[in-house]
Amino acid sequence: MFRGFILFPNDKVKGLVGSKVQIEMKGEKSTLEGILEIADEYLNLHLMNTTEIVDGKKVRALGSVLVRGNNIILVNPVNE
Amino acid sequence: MFRGFILFPNDKVKGLVGSKVQIEMKGEKSTLEGILEIADEYLNLHLMNTTEIVDGKKVRALGSVLVRGNNIILVNPVNE
Amino acid sequence: MFRGFILFPNDKVKGLVGSKVQIEMKGEKSTLEGILEIADEYLNLHLMNTTEIVDGKKVRALGSVLVRGNNIILVNPVNE
Amino acid sequence: MFRGFILFPNDKVKGLVGSKVQIEMKGEKSTLEGILEIADEYLNLHLMNTTEIVDGKKVRALGSVLVRGNNIILVNPVNE
Amino acid sequence: MFRGFILFPNDKVKGLVGSKVQIEMKGEKSTLEGILEIADEYLNLHLMNTTEIVDGKKVRALGSVLVRGNNIILVNPVNE
Amino acid sequence: MFRGFILFPNDKVKGLVGSKVQIEMKGEKSTLEGILEIADEYLNLHLMNTTEIVDGKKVRALGSVLVRGNNIILVNPVNE
């Protein structure tokens, strides 16, 4: 239907696999930070070594986390 | 349309069936904890022995619960 | 596209038709309780004899109610 | 894909066309009341003679209103 | 799949193109008012000469604005 | 299914690629401002040189940001 129109995650999110990313979720005050293990075309993500960050401080270690793409506000690569 | 691109739940969520998981839902302060009985490709879940957790304390036993995938913020496996 | 992968409502929600269920909705403090008359694959529901429950008390009789599936947080069967 | 499984609005919502309904919307304190003119399969609605109701009182006449189905919490027929 | 069932925007929203409309958005206190330039089948809208209205007063001129359909609560034609 | 009906982002959002835009997100008090690098048909966006704006002041530099389309309230081109 949109031939020639590249869907978003294929070219941008895939390039972030293996990198550290910060995720802001809808209606959540905290940010998730983790290594992006895999993503699908709906921006559903699997993060490893995930930590929950509030006001710039790590408040909780979550480890392996599945994140539902439709509730993601934004994905921000962390430059290290 | 995305041949070669594996959808999220097939390889990650399926591996959690039979395990204890914690679920954070959109706009809810409480967390659900239960045994993942089944999941579909939209992250719709059926949990057994579900309890509602607020501030780390079990406040309510819900038993069998169907959870709507699009309102899930994240799924976190519980290591026991 | 997901042959062999059974969608959620077909095997779980259908088994609840005719039973009393409690429904928690996104962004609502109240819970709906009613007899599940029918459900479709998106978890859209038709409830009969529906009552609205706040803090465990029935506050309003709604009768026949159509509920939009994407705004459901969870469905909890009521054991009587 | 779901042959034999009747989608929700076709048999329930269509039966309400021409009747007065109350609509509760996500994140809104007010309720909409109007005559259901037409509905589509996503529960998108066209209401006529719509009024906005807060705490049981009509506070605003809106007339013709298009309502986005995914933001509807529930549809409640008004018995007159 | 729904032959004979006309989708919502085709017959209703299209009739509003070129007219002034008010848009209520999910989780927003303000209302958008503008000339409807174009709409697609998901109620995604392009408004021209858009102003933001709070408590009946124009507080901001936004000009050309793209509005995401799934976050629209309702569309209300403005009779002038 | 909607032949002859042009989907929203193809003709409007594509025209904004390379320009500075402001994005209002659902449930967020801040606005994002950045250069639109790419958009897909769901209004998923990739912004470059992104800054977060609160009450008209730039409060944070985010750089490269992926934004989930379904959580966008509106896109507003910035005239410079």
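In order of appearance the chains are A, B, C, D, E and F, and numbering begins at 1 in each one.
Basically, a residue touches a chain if its C-beta (ideal position, glycine included) is under 8 Å from a C-beta of that chain, and two chains touch if they have at least 3 such contacts.
All values reported here derive from a predicted model rather than from experimental measurement.
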Both-way neighbours, i.e. chains that touch subunit F and touch subunit C: none
Most distant chain from subunit F by Cα centroid: C
Rotational angle, Cα trace of subunit D fitted to subunit E, multiple of 5°: 60
Interchain centroid distance [CA atoms averaged], subunit C/subunit D, Å: 18
Distance from subunit E to subunit B - Cα centre to Cα centre, in angstrom: 36
Inter-chain centre distance, subunit A versus subunit E - centres from mean C-alpha coordinates, in Å: 31
Residue numbers of subunit A (touch at least two other chains): 7, 26-27, 69-71
Category of the chain touch graph - line, ring, star, complete, other: ring
Successive chains along the ring, subunit C then subunit D then the rest: C, D, E, F, A, B
Complex contacts: residues of subunit D adjacent to subunit C: 2, 5-9, 11-13, 26-27, 43, 69-77, 79
Sites on subunit C touched by subunit D in the complex: 7, 10, 25-28, 32, 38-42, 44-46, 62-71
